[in-house]
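This is the structure I have questions about; it appears just below.
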Amino acid sequence: MLSTRKSNWGRWGESDELGALNHLTPERVLDALRLPKTGKTYSLGIPIQRSGVPNLDYRGTPQRLTMINHEDEAMARANGGAPGVGANEDQLIMPSHTSTHMDALCHVYSDNKIYNGYPADEVTPYSGAAKCSIDKVGGVVGRGVLIDVAASKGVDQLEPGYVVTAADLQKALDDQGIELRTGDLVLIRTGWLEDYLANQGEMMPQPGIGLEAATFLAEKDVALVGSDNTAVESIPFDQNVYLGGHIVLLVENGIYLLENVNLAELAADRCYEFLLTIGALKITGATASPVTPVAIG
Amino acid sequence: MLSTRKSNWGRWGESDELGALNHLTPERVLDALRLPKTGKTYSLGIPIQRSGVPNLDYRGTPQRLTMINHEDEAMARANGGAPGVGANEDQLIMPSHTSTHMDALCHVYSDNKIYNGYPADEVTPYSGAAKCSIDKVGGVVGRGVLIDVAASKGVDQLEPGYVVTAADLQKALDDQGIELRTGDLVLIRTGWLEDYLANQGEMMPQPGIGLEAATFLAEKDVALVGSDNTAVESIPFDQNVYLGGHIVLLVENGIYLLENVNLAELAADRCYEFLLTIGALKITGATASPVTPVAIG
Amino acid sequence: MLSTRKSNWGRWGESDELGALNHLTPERVLDALRLPKTGKTYSLGIPIQRSGVPNLDYRGTPQRLTMINHEDEAMARANGGAPGVGANEDQLIMPSHTSTHMDALCHVYSDNKIYNGYPADEVTPYSGAAKCSIDKVGGVVGRGVLIDVAASKGVDQLEPGYVVTAADLQKALDDQGIELRTGDLVLIRTGWLEDYLANQGEMMPQPGIGLEAATFLAEKDVALVGSDNTAVESIPFDQNVYLGGHIVLLVENGIYLLENVNLAELAADRCYEFLLTIGALKITGATASPVTPVAIG
Amino acid sequence: MLSTRKSNWGRWGESDELGALNHLTPERVLDALRLPKTGKTYSLGIPIQRSGVPNLDYRGTPQRLTMINHEDEAMARANGGAPGVGANEDQLIMPSHTSTHMDALCHVYSDNKIYNGYPADEVTPYSGAAKCSIDKVGGVVGRGVLIDVAASKGVDQLEPGYVVTAADLQKALDDQGIELRTGDLVLIRTGWLEDYLANQGEMMPQPGIGLEAATFLAEKDVALVGSDNTAVESIPFDQNVYLGGHIVLLVENGIYLLENVNLAELAADRCYEFLLTIGALKITGATASPVTPVAIG
């Protein structure tokens, strides 16, 4: 165990594949529905495109290719289409971990095990993950909480590589007058993504949470942690523990991660509590899904 | 014009690319937030996978490929990973119009024009759609209404090829004691998808709405029409008008379409009014996005 | 061992990854250069396209997508292109084992080992095959020999599922007045592919060689065996040994396989001896390559 | 016309799609078969892989993904495979213009026309090129000639951006004691690719032929021009004419281009005349094909 607390393995049964999303009971959903005050809809996704967004080289460039357009109108005509009538369609090639995406619990393993002790070798090339794949998740609805660490520190963005501490999180929560609750969907703002999108600077290093902050969040029994950076955790990794934040949250505690989340507008509106919904694509066997999280303030 | 009513072109300005989603004002969103009674979350997506779901041949099979698993742990080790630690990741190849998906307003054109009169030839191979692409949409939140035509007619599924009429819709609404309102996100149940998923029968023909029903919905000023079939409209097309339902709703009225929607659970619960949220992926220039719509009952 | 003969493991050294292509010495190449009599060039590949050719469902449909055409001329213009000047380019998605293709020695394993005893688990998702991948092959040049079994039996095509025997091969060779030599690149005609391309019938079953014929070819020390069918060997497999022909040739003897080869024109010309050249794509780590073999008669 | 000579449009008929490959008569092929002296086989392709080779960003990274390996052995077992028996297969995603590749005559257009005057707008997203696509080519066999400009100038590689002149070509030919003949497959060595592969320097600028050299080659009635660089022609383009070399050779004269050709070994062996064979993949409608050209010295 990397975190100092008892893990969530077994907490929801030996055959559980849902992890901390088990916290999202209908009661908590009803509570969350009462949070919005303005009715303003926030779209927290960033574009999926060949460049301009944080694409990691080894994953290959996401590509949208036009499969059919008006130049193929003969296909429509052959099916009875009138002149001037047709369809436009695309073919997509993209990593599951592209742009704004939600990690499945099978994404990372430690000691050769994923969440709940399932063996790491049950992810095969053709079939993907046998356990804890993203299609087990479906729809997520709950109380969204923004923790604006950058604002709490009075900066536009945290320094590249800065390791966010538990104290940083607590101070920001105090500044905002917010308390974390069981099952919260927590979004942590570092300011990094806004700067990257605006200035197209270096991808690395990046600010993000460290091991202590990850443990702090796990102890609060949150259901999901997102951030406006590529790995939620800092890069380089805190204490040089490779994927340490992922291990504490995803592997040990079944807490989902949401990466490259666009938090600019929520922050600008000082919208710290909101209804958050996420519709992960039901890609059978996948280890993540690109998503556009939708918040209602 | 296929429909008998005035179109929505120009209604929200000459440069509008959002169409009927303009109806989704914060006030309507706040109203919709008051609908849920149970707090139950419904995930309305179907799987994205190589077979078993309605994949159209000409679009190519959606593929999830494992890009990295424990067998590539050397990559993690090279970055300082401890033995037994690593990541699982996928590469995705899929049509934008795969499984449960939301059509962008640029998806279909008629008289060489898409919604609001933009020219059809502004969709190019490399850049995609210049106007009304799916990335312009982002997050959708509103009042979801299920119109269970199959239940209203007392059948498990409508006959393959059956053309749903305006009277069918009105009768089902009456049976359910529901009225349509401006900006509604309407989901029409034919029962076809449940049968297809269960029995893997023929893809075509399919029941769906006809031209009159499409006009009826447009007159109600709904924002989106979804259905548990491949094209919302019937196949073969009503009155043999190729993509006629798409033309009435998408092209003439800027009303979005949602296809292959899983309505089984909502129907089983007789949940006819609900909060519906959709997070379309912000794929730059794309003509659709796979989605997992999330309803809260 | 499936075949009754000593395998080729170790024959060219413990670290050999080339297998029977070691037979293709410069002397044998010079001999092969003297074979052509007419100078006629034969292209032995079949099309790579979405339909009409034997595509196996589980591999996904090969797709050629236009990435850039004249509608993206703005890209050329931005780089100084004159009006009316531009480029057309594609993006390709296809299995390595598509249409006419050459199997690498790592393609099949038996007793958890590929050719020369390398462990089967050295093919990983991200890096592919560590040993005997197709990029180790490069260019193949040698004496091509057509064995027209269909013609020898006086039929257009062998019966679906027919298992070609060693005696069938010997009789056809005798009919043709040809003897096999060490290092030959042998192409066996069943007639199946011509019928399939012309009539678009059922993919399976298919005629092909059986275990005895495979052993016969291995004993002749040929370097490659191709056929006008999907697996060189018959489907269903001879004696129900799954991939038995692959095991005898590829695994035990390091003899390459060439599948879906178009032999119609060679057969029509009764061209039984020829120079054969194959340029396998140097796809790092791949288990096969689509190819267009070129014969000169 | 960019070149000062009459173009080849119409030379082989109004409906010709083959261009200068029409020169490759059986007689010329028989002549070429007499050239090899050593029987040594040269593989002129470079690897297709995610990095390390000259991949242009806008085309996306070529990806080889393992589709099936031993971890999916259950699939083999379900088909009757014995324990320890299975197959390894890949899925490929790559531009048609990747690594070593052959341009189809439809690749570039000028004055809105491709070779032989076919309209540029006959390349559509779904179907690709109606005319002069790479699948019309198939197998190429002829006299290969290496023109080692770098060696002729006594340098390892020409300066980045250097524009090779007609005089440079003639001097190198004279140094080598070689004359060009009708139908030759000419490979021009700049040394750039060897340096790039070894040192992973900057992709641009690159040495290559200029407009005058292109015209010189067209006047010699060669069938194909290849080079050890990305565009055959220099980058930046000679006289700032965007794709000028492509226009002279490909568009105006139907002379094929072969790019990123590995000429190191031929040059080291001073092998200036050889049999050259190229098997372009028969990708229906494609604008190019990755190839591994095979030379026999």
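Order as written gives the chain letters A, B, C and D; numbering starts at 1 within each chain.
Basically, a residue touches a chain if its C-beta (ideal position, glycine included) is under 8 Å from a C-beta of that chain, and two chains touch if they have at least 3 such contacts.
In UniProt terms, the chains line up like this: A, B, C, D = Cyclase family protein.
Everything numeric here is computed off the predicted structure, so don't read it as measured data.
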Revision key, fill the gap. Touching both chain C (Cyclase family protein) and chain D (Cyclase family protein) we find A, B
Revision key, fill the gap. Residue numbers at the chain A (Cyclase family protein)-chain B (Cyclase family protein) contact, same meaning over half shared and different meaning under half, come out as same
Point to revise | Distance from the mean Cα position of chain C (Cyclase family protein) to that of chain B (Cyclase family protein), given in whole angstrom | key: 44
Point to revise | chain A (Cyclase family protein) and chain B (Cyclase family protein): spacing of chain centres that average the CA atoms, whole Å | key: 23
Practice item. Mind pulling the residue numbers of chain A (Cyclase family protein) that touch at least two other chains? Key: 58, 60, 63, 65-67, 69, 71, 75, 91, 93, 121, 124-126
Point to revise | Touch list for chain D (Cyclase family protein) against partner chain C (Cyclase family protein), complex | key: 24-30, 33, 36, 38-49, 58-60, 64-67, 69-70, 75-76, 79-82, 84-97, 99-100, 106-112, 120-121, 123-126, 128-129, 135, 138-141, 237, 240-243, 246-247, 275, 277-288, 290-296
Review point. In their shared complex, at which residues does chain B (Cyclase family protein) touch chain D (Cyclase family protein)?
Key: 63, 65-67, 69, 71, 91, 93, 125
**Study point:** Touching residues (chain side chain A (Cyclase family protein), partner chain D (Cyclase family protein)) in the complex
**Key:** 50-51, 57-58, 60-61, 63, 65-69, 71-72, 75, 93, 121, 124-127
